[in-house]
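For reference, the structure discussed in these notes is given below.
First chain written, first letter: the chains are A, B, C and D, and each begins at residue 1.
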Amino acid sequence: MSLRERVNQPKDTRPWYGELPVESLYTVGIAGEKFLRTLKEKGQFLGTKCDRCRQVYVPPKIYCERCLAKLDDWVKVGSCGTLESWTMVHVGLDGQKLKKPELVALVKLDGASTCIVHKLAGIPVEELHIGMRVCAVLKPKTKREGAITDILHFKPADR
Amino acid sequence: MRAKAGVKQTPEIQYAGTGLSSKDFKEGKILCTRWTADAKYAWDAGIAIGKYLAGFKAGKILGVRCIKCGRTMVPPRAFCEWCFKTVDSWVQLRNTGIVNTFSLCYVTWDVKRVKKPEISAVIEIDGASKGMGIMHLLGEVDPNKVRIGMKVKAIWKPAAEREGAITDIKYWKPY
Amino acid sequence: MSERVAIIGIGATQFRSITPDVSYKELMFEAAVKAYEDAGINPRKDVDTFVTCAEDYIEGTSIFDEYVPDQLGAVLKPMHTIPGEGLHGIATAFLQIKTGRFGIAVVEAHSKASNLMTPDGIAACAQDPVYTRPLRLNSHFIAGLEMNRFCHATGITRDQCGRVVIKNRGNALNNPLAGRAALVSLGDFCSCEPVSCPLTELDIAHPVDGAVVVVLASEAKARALSKNPVWITGVGWCNGSPNLEARDWVAVNYCTRAAEMAFRMAGITAPRNELDFAEIDDTYSYKELQHLSALRFCGPSEAGHWVESGVTTTTGEFPVNPSGGALGMGHMYEATGLARLYCAVEQLRGTAGKAQLKKASRCLVQGWRGVPTASTAVAILST
Amino acid sequence: MGQRVAIVGAGMTKFVRRAQETGKELAFHATRMALDSCEMNLDQIDAVCLGTAPDTFDGVHMKGEYLSDGAGAWGKPYMRCYVGGGTGVFSVIQGWYHIASGLCDTCLVVCEEKMSSYQPHAQAAFLTIFDHTTERPLKPNLLWIFAMEMNRYMTTYGLRKEDIVQVAVKNKRNALDHPCAQIAKAVTAEDILNSEVLAWPVQRLDVSPVSDGAVALVLASESIARKVTDKPVWIEGVGWSLDTAYWTNRDLCYPRYVEEAARMAYTMAGVTDPRHQIHIAEPYDPFDYKELHHMEGLMLCGKGEAPQMTVDGITQRDGELPVCPSGGLLGVGNPIAAAGLMKVAELFWQLRGEAGKRQVSRKVKRGVAQAWGDLMQVGTVVVVGI
């Protein structure tokens, strides 16, 4: 032991309570603004394309993360795609068990090189399989706010 | 790729960066998301600060002493940072001190304007080595009369209200 | 690149689920005193540069490096923070010594995980604020998605992941520092709580408190001070895409690149044959298997067979995490990789006690920064 | 001893109060510009060093990892360094040891800060830099400690506020010539002395504004630098030092940690008489008195002498020792880590004679940049020369 003195009574230990009071407001950025506005107003998914790296970024970026080229080639991608992975989440943000577990999907939209992370619904877990076709279900236009939550969830393409 | 002459910092260069005003947000011209962090902690006070806090509850200011460098230190610590060894003994310091420096602050920590300034100070505690101060507040004093070198004493909360915290001392006032 | 770099001192506290009797400063002080004793140095006189690895949100303090110099003996000395894995800190100290301007460097990392009342809330703050956080998901979901994709693509089974847990928590029984040693069986997985399917409670390395301090030295200093220096023959570190959307969910290429950098430096071409064992990241059970192949020890689907057939046990052909890993010792945030390194050094010195391997002269140590990052660091150690 | 390291490219964004760009996008713009300025591409970069100050500002935990793609770190060795406000200049030191070690030949150094994310005002985030048990319960304000330090400095040396504000007058005027400046406005000493008292002796115009922005540099080893440019700016010396966390136990009248850091850097650079061997300085100036404090710590003048030097006009752009010709944090803005790196970028442009309207009149061959941070505790110093 390197410390000469030790606390040896539980009553003498003392936690001091506190927090990091952080409230933040994040702009969605230059690329995000165009992507989310288009999703809100037209219900369409846009991506940006890097020809050199053969990447179509969805959500889009104003730069290619692989070569750092400035990207301004915007392309439309599909609202359906392939289920790359999924998981059933049983715990909430507070670490407590959720009453209703949530299905989460990783979806590569048609024409995109990258994936969207979102919720999944409309299918029993037993029928889920990686590689299946899924489509985005958007909120009604009037309820859309220009956020990723304008997508309600993904659902199997055939239902 | 040899760039003989560098790029001059002339007005023709277009620098990126789109400045927004708070109006842009209020009027919903800009999309944004919000988040309130759920970041709560229970930091273990440990040996030195635990005893320091217990001292406050008892109405005492405690320091520690290192016999190698001869310093009596406050706030207390389990080790001497200069000698890199454990400290040797606990010392009860006096309830008086000297203003090492101060400020008259007209805004609160979350940037709200106040009329009557909060007077923050570093107070060198009597009984500790010279220059050993703690941060605290001054009270019962005309802000215009506060001076570096001023003698002050601790004004404690009543014993029943003390909880073992730095705020068990309400403030320091000149004597 | 002049001199070689050696580890000449290590110090660690016990790793325990709670440590209410000491503050974080006192915890760090204890590890530091032990490391300096081990190296036979006085930090106030002998150390030229200090590095600490910490993240503000984990500490609950902004600009945490403010609170570090005193308990390490670093006051008024060159000291800075690397908000990274402890092994990033090792790489930093390595770089500094290699400039030829620093003789002795100290690296520290610690965990006061028990002081975090809302660890999941804090972890969520690392998610992308525009595209991920609005979904309001517990960050373990990222591991769940990755595990599912990884197992699907490689054919690795749920049971094989379970065997990693059984092995590592069992190994920890022989490690007196370990905070989470246990005997676990495959049957235990049937009844344990799911977290983010297929990921269960048992697949996760749960946090513990503890601190680790490592003393590094240039070749000249090491030869003068140490009878049993452990040489760092290679370091590597690399980032992949921080974006969940853009990353590769099967092969963790950033890990491969970090390893290749370290292997190149150490002159290693066949890692499996040239190294005796590995201490690697197992923050989640499947991660050990994923990292094993990313580090080029075996093929992508081979890792599952390895753990099943006992290749990676302490008596196997290629022991992995003989210390117990993070699953068995506990996860210590930024100090997790340093805990791996600490145990690896003990092995190379031949002082690992009951955990001592028969053959331990060269090894690899790796750390990953956890979800949602794609950030890893690697070091190659040699006697 | 180690290989020589040069700065070969620089880029920055405008410093603005609230940026629409995400932190990643800001980092990208600065990085892209730095690469373009020396006609290099990302494939030629061996490693990325990133500096950014508290995560609570941007509101992103593990902010370094989050920003990494914008800084060009995909698939590359990448690390973030962090020493509070000292980070901007330290990131250059981090880049320096990456290359001086011989492990890398090129390196990107990128600093970003997006302080506007913090609601309602970034200032409040500073509450959490204080000790959680012995100080935070007093609800301290960041201004407290600076005001207390300023007061101690003024009282110890008998300095006049009228003289100290000349720093803000000079720097805000210098910033009129900076295309990236957030607040380009000439102010008089009277304006400052009549501005709102925040925490006496600190008034509104003594303080630098809160900003968003990013800055990037490209560093290279000697062999690469000579290929890339005719005008490499060499990193001749680096130094850093961190003082005790028990800041109330220190005498705040003098920044000893800056002196320690400067001594380390000067020794490496072979500077024995800084006042004459340093031709241009960019000390850290988040508050006007800090520039003076730091000039003293950098040993560019004696203790308590910096105000007179300023009043005498020596530190003007056309003076004998130009100090903060960029406009500094007071004029250009203070996106913390980015502001520190901006200082090194300014020396790069000044030494190459590319500072445009900001170009100092003297021929300058060696400069020093310095940043400071934590609990008034850390000094980071870089000496560059041609």
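The criterion applied here is as follows: a residue touches a chain if its C-beta (ideal position, glycine included) is under 8 Å from a C-beta of that chain, and two chains touch if they have at least 3 such contacts.
Owing to the predicted nature of the structure, the values given are computational and were not obtained by experimental measurement.
Set side by side, C-D and A-C show the greater C-beta contact count at C-D. Separation between the centroids of subunit C and subunit D, computed from CA atoms only, is 33 Å. Annotation: 28 Å between the Cα-based centres of subunit A and subunit C.
With centres taken as mean Cα positions, subunit B sits 40 Å from subunit A. Each chain gets one centre point, the mean of its Cα atoms, and the points for subunit B and subunit C are 35 Å apart. Residues of subunit A in contact with at least two other chains: 2-3, 6-7, 13, 15-30, 32-33, 65, 93-94, 147. Looking at subunit B, residues 18, 20, 25, 30, 33-35, 37-47, 49-50, 53, 77-79, 81 sit in touch with two or more other chains. Residue positions 20-22, 26, 29, 56-57, 60, 62, 69-70, 75, 115, 117-118, 121-122, 124-125, 129-130, 134, 241, 243, 246 of subunit C each touch two or more of the other chains.
Taken as a graph of touching chains, this assembly is complete, with every chain in contact with every other. Of all residues in subunit C, those touching subunit A in their complex are 20-22, 26, 29-30, 32-34, 56-57, 60, 62, 115, 117-121, 124-125, 129-132, 134-138, 140-141, 144-149, 152, 193-199, 241, 243-246, 249. Across the interface of their complex, subunit B is touched by residues 2-7, 12-28, 30, 32-33, 36-37, 93-94, 146-147 of subunit A. The part of subunit D that touches subunit B in the complex is made up of residues 12-21, 26, 29-30, 33, 36-40, 59, 119-121, 123-124, 126-127, 132-135, 137-141, 143-145, 147-149, 151-152, 155, 179-180, 182, 196-202, 212-213, 227-231, 244, 246, 248-252, 349, 352, 354-358. Those residues of subunit A that touch subunit C in the shared complex are 1-3, 6-8, 10, 13, 15, 17-20, 22, 24, 26, 28-29, 32, 55, 57-59, 65, 84-95, 97, 101-102, 104, 106, 113-119, 125, 130, 147-149.
Subunit C contributes residues 1-2, 50, 55-57, 60-63, 65-70, 74-84, 88, 91-92, 94-96, 98-101, 122-123, 125-126, 128-130, 236-243, 246, 253-254, 257-258, 261, 265, 369, 372-375 to its touches with subunit D in the complex.
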